[in-house]
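As written, the chains take the letters A, B and C, and residue 1 is the first residue of each chain.
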Amino acid sequence: MKEEHKHGKASKFGMVIDLDKCTGCGSCMVACMSENNVPFKKDETNKLDSITWLRIYKLTNGKKFPETDICYIPRPCMQCEGDHGHSPCVSVCPATATDYNHETGIVSQIYTRCFGCRYCMAACPYHARYFNWWDPVWPDGMEKYLSPNVSPRMRGVVEKCSFCFHRYQLAKNKAYAQGRRELKEDEYQTACTQACPAGAITFGDLNNSHHAVYKLVKPDNKHGGRPRNPNAFRLLERLGTNPKVYYLSSREWVRRAGDNYIKDEVKKEHH
Amino acid sequence: MKVCRRSFLSLVIGGAAGTTLSPLPWKLMDDSSIWTQMWPWTPVPEDGEVSYVNTVCSLCPGGCGLTVRKINERAIKIEGMKAYPVNDGGVCLLGLSGLQLLYGPTRVKTPLKRVGARGEGRWEKISWEDAISEVVKKLADLRAKGLSHTVGCISDSDRGTVAHLLGRFLTVYGSPNFIRTPSMQDSYEQTMHLMHGVQASAGFDVENADFILSFGSGLIDGWGSPVRMFKVNSALKGKGKLVQVEPRLSNTAAKSDKWIPIKPGTEAALALGLAHVIIKESLYNRDFVNNYSFGFNDWTDDRGRSHKGFKKLVLDEYGPDDVAEITGISDSTIIALARSFARASKPLAVCGRGQGNTPGGLSEFMAVHALNALVGNINKKGGVWAVPDPDYIRWPEVEMDINAAKGMQANRIDGAGGKTYPDSRYLLNRFPEAVNSGKEYPMKALFVVGANPVYTIPDSKAVKEAFDKIPFVVSFSSYMDETAANADLILPNHVFLERYEDVPMPAGLQKPIVGFSKPVVKPQFNTRHVGDVIIQIAKSFGGVIADAFPWDNYEACLQKTLGNKWNALNKEGFWLDSNFMAKGWKRAFSTPSGKFEFFSRAFAAKNENLFQQFRPVEPEGDEGRFPLILIPYDYMRLASGCIGDPPFAIKTVEDTVLKGDDILVEVNPKSGRGFREGDQAILSTPKGAVKVRVHLFDGIMPGLVAMPRGLGHTAYDEYLADKGINFNELIGPVEDPASGLDAAWGIRAKLTRA
Amino acid sequence: MDSALIPEGVKRCSFGKFILWIIIVGAVLLWGVVAMLLCWFKGLNQTNMNDAYGFAMWIWADLAVIALGGGAFFTGLLRYVIGKDELKNIINYAVLIGFICYSSALLILAIDIGQPLRGWFIFWHANVHSMLTEVAFCLSCYFAVLTIEYIPLILENRQIDKVPFFHNLSHNMHGIMVIFAATGAFLSFFHQGSLGGTPAVLYGRPFAFREGVLIWPWTFFLFTWSAAACGPCFTILVTWITEKITRKKLVRQNVIMLLAKIAGWMLATYTVAKIIDTWYWATVTAPASGFNFMDFYSNNPLYGPWILVLEIVVCGVIPSLILITKTGRKSSFLLISAVLLAVLGACVNRWVMVLQVMAVPVLTFESWFMYFPSWQEIATTILPVAYGIILIMISYRYLPIFPQEQELEEEKNASIFV
């Protein structure tokens, strides 16, 4: 790993979700669950104990009929960069079970090391982290579809979206076998990106100006990756978590819903 | 030996100290943590060789291409097939959950014969041979008694080899009662039949349209081929406009450029109002209207009776003021909409509510289609195309014996193609009533293939009653669905990931395409391909029936049928007639006039009052007793067809739709006064009363209650069963006077405190 | 029956009565143990915690008992390091209470974590940047110190003391207690502070987040400070309760007064600091993240401005004023009310810094998360209380906890005879 650091430039994988295109259909959620061996229970209607690495929130503009509007916001793990990798969750984990990978910018989670203190969950303002309150149980026979690339988690540990890190590893292995060090843009894509029927999700390296994600949001990497595209925003930008998930929306109320503002405060658009 | 206290204490303390200093506790601590890291009850998926198999999904009429990732013999992940013409890599959540259907607990694992009472759930496992001979015995018996016409078959499709095998069997056996499950396809086919004079599906060149006007179609809520529609919607951003006319802020409405709320059921009036403005302001396509259409101006029929033309009708009766009154949309909005529609370079009007699971009123379809005709986008780029069925099933004509011929002469039980509804092909909505009243003849046996009518057909109670009246029901379902649970015999089919099958014509596509399902994994259980079973049943009869099925098995039949396409299909996964072009206007119409008919001459010949085509459909129920109107809504996360939501899909359903086992109905805070969010309530309609919870939602028109389709299953597994309410329990069919199809779009309702 | 074990010169209730009470409290303890076993064997689905409420009652209980256990380190510091000699008469009890608090905290933590068998990973795979790591290390070290401080007390039991080895050991341990007291104070400063840092470093949670100096947010110091203020108050309170139950004077009033005075000044200064902290947070820190002060105290069924008034005014300003004035301290009623309020104040503060932090919505499209503990959580939180009572009962009965008990008793008897 260290070796690599010297050779190639570090990547910063990020995601751009076009909320104008997102239909809230739920494909990304299921693609994620099926890619990552996410378990399910008989009743999943209590969304506060339902493991969905990627959850779609439904927003409304709060206006009365017929001025009402809704918008869906898919929320994977934001893979916060914070201040130089000091993401809200990584720094609080007492057992180094979650880590910020400077080579990819991805926040990892080591299930076998996590002992379930849930401090990281308290730290995450996005509720992107999920605890295994129960033992995962698959109905008889259904464990046949489990993927060997992602180990099923045991009860009592925290799990979250990994930007399908195993796909990165597989792509990297393949590239190495072919004598390449750099990955092509389409070689590493997350399951949700790939499945999205609306093509609303774009995934790539925010450090690479040739990648679509870069072109879409024009991140200001000197300032924590702040988007320069006026239609782009990140959730809770003001907290300084510096997420690597960006949203695009042509609707002002949606962009404003991404952050908190004190009374009468006018949102400053970055240009 | 006497143990004094001192030596005892020393022993204890020394022992404790010794143990602590020994490796034992540390080893135990380490071992126990390692144990927690690999608890034997947490599965460890086996690794192995990775491979990919392409196939085509048949869980809905969308027909998407899938690529399935496998580890050794296990299918582990479904993904969208890249470059597949329908979905190009995208895939919906139902398709993505397909492996849960394949490996799930809801599979019927072997042929089952009912032991207890109907629907009691007590079954006996029987062999395939016994199961088939039981069917053959029953059918032979009926045939011998001259009751072959009392055998019916309900199927989700009438296309492709499996449906053709079923139809062929019924024909040669001697029954006219092959019934396809209803959908908007029925209404569109009939629209094509009456206005174009052709037997064709409606294909929509949505990719090339720049102004889509949708009359309540859930374009991104599962209408047509869902993934394709998502892609179209995304591509439209910035390039074209989507206007959604609908009483409820559906996802489609929310994503559209303009949402126009409309009083439900008045869509046809709006279409005619738009036509009024377009005609009045001379915004219509002169070339098409003047040269290729009939019935635009006043006309006289063969018997010399004069009829008002379309022009006069809409000019007289559908002025913006009148339409504003009917629809609740302001006249200025109507005028502006008509202008922007007509002035767009490729305008396209579509209908079929929600996912198009119900046919709807024919008048509405014809009115909307008339709009397309006015702007001349029939069989044109960006318009509506009449797409004939792919013509690849060319089997020799069946030879019918006397029994068959006699049976085939009987009237269809559902009345389709009969005196009242000569232009309709299938009317499953009339089936329960026909069976229950016994007016025509009693049904003696029923096959159900790829369909779940006990769940999907309106007025569940009547449907159930009809099923109870039929003494022999055979389900070919792969899953223990509601129909299978109420059958006498289940002959489980392979699921789509285990079988070969041609999947022709994804819904709404403008080009003929045949998808190809092929086995991704070996059959997991003792199931059999329904095609094989039909061939085996036929062969057991011998004689002309057996002769009609000259193939050894289904695979041989499919290979023979597809001929030189077989290899291409196996390799590419689909066959697309890329040379297909919709017929030019000169040759497109096979109506009596040879032109596009605003008013069908054929139709007029049989119906005194032509204008009933455009009469709005009233919802069932008394306004005084039921002040609200209940409408259904569809959305992607709930599969409302014959397949129920697998666990992954149901997991994505929001808690404003389902909470615990309670369904939430949407009500505008204005109509839901006295109810707080999540309150329990009784929702009653003339068909029944159920317990629901209230979700206050500003995006629904006051006066309405909206309920999602796809919940309220009683069968399937514990992840789906008994969650919420089946909308079909609360609504009954409303027969469209013109087509006999189910035109119901809602029903009067009442919401009271629980 | 057990008279041979009871310290010389003091009177204790009958063994039967003692056992009866042990059984009664033991029943409560058992209830807690059942809940604890349920949590261990069935998992944390036994609680009402959820993915939005990952930190809940247990973490509050932890923070609260550690704050209240702060009496041990602070009294030790005053007694051994600063040299307030009178406090030797209450230090034993302070140590015992501290021992109970800290052992309870460790037990609750062992229930609270999802994988108790891997709990030691916190030491093995320690992340030095995590406040919890610091807490874990200092907490266990300080617990060891408390154990060492408690052991000489056990060794002073009449029978054990008879063994020359234990007698000498006890004597020698007393001799070096100043080292442990200093170590304890040092460790406590850090883990109390780290506990204060635990919510304050959550920069994703504007309600909890505080700025600070170097790596320490302001609450780091506030928590230590409040533990030093409220810990002794808790010691005074428990001593008073013990005196009421035993119907005996166990510690001379001048000792109590001294401790109360020191605690009072600590509390007063703490309250001033807390007010400044709150003010700065409400006007500078929170608005910078886009939050109005009232966003944290409205639109929910429980948390209103009242909780701030309760914590700072009712449980801060008022007891401070009582404890720093002589008249206030002299009135037994006011004194006990004041220490009670101070103890409550520490509990409210810890509650706010744990449970309200979780309750406040941060994403604009989420709403308040409300939570009520399950019976298993309640039972396991009461478990340490029952355990503490039992340990106090046993210790009081068999160990010379209160050095002044015998002379106070004699004085009382003498006064009766006069």
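The rule we apply is simple: a contact is a pair of C-beta atoms (placed from the backbone, for glycine too) under 8 Å apart; a residue touches a chain by one contact, two chains touch by 3 or more.
Bear in mind the structure is a predicted one, so any value in this text is a computation, not a measurement.
> When contacts are scored as defined above, which chain pair ends up with more C-beta pairs, A-B or B-C?
Answer to which pair has more contacts is A-B.
> What chain sits nearest the middle when you go by CA atom centres?
A
> Which one of the chains is farthest from chain A, going by Cα centres?
C
> I'd like to verify one number: the distance from the centre of chain A to the centre of chain C, where each centre is the average of its C-alpha atoms, in whole angstrom.
Centre-to-centre distance between chain A and chain C: 40 Å.
> Roughly how far is chain A from chain B, going centre to centre by Cα mean, in whole Å?
34
> CA centre of chain B versus CA centre of chain C: separation in Å?
64
> Which residues of chain B are in contact with two or more other chains?
Within chain B, the residues that touch at least two other chains are 36-37.
> Mind pulling the residue numbers of chain C that touch at least two other chains?
As it turns out, chain C has residues touching two or more other chains at 115, 118, 121.
> Chain A: which residues touch two or more other chains?
Expected reply: 46, 135, 154-156.
> Where on chain B is chain A touching in the complex?
Against chain A, chain B makes touches at 36-37, 39, 41-48, 69, 71, 74-80, 87, 89-93, 96-97, 99-100, 102-105, 220-221, 226-227, 230-231, 233-234, 237, 249, 251, 254-255, 259, 261, 524, 636-637, 647-656, 658-661, 668-670, 697-702, 717-719.
> Within their complex, state which residues of chain C touch chain B.
Its residues touching chain B are 115, 117-118, 120-121, 163.
> Show me the residue ranges of chain C that touch chain A in the complex, using the header's touch definition.
Residues in contact with chain A: 43-45, 49-55, 112-116, 118-119, 121-122, 124-127, 129-133, 136, 198-199, 201-206, 287-292, 295, 357-358, 362-366, 369.
> Which chain A residues qualify as touching chain B in the complex?
Residue list for chain A touching chain B: 18, 20-21, 23-27, 29-31, 33-35, 37, 40, 42-47, 50, 52, 56, 58, 60, 62-66, 68-72, 112, 135-136, 138-148, 151-156, 191, 194-200.
> Contact residues on chain A for chain C in the complex?
46, 48-49, 57, 59, 73, 82, 88, 91-97, 113-119, 121-127, 129-135, 154-158, 235-236, 238-241, 257-263, 265
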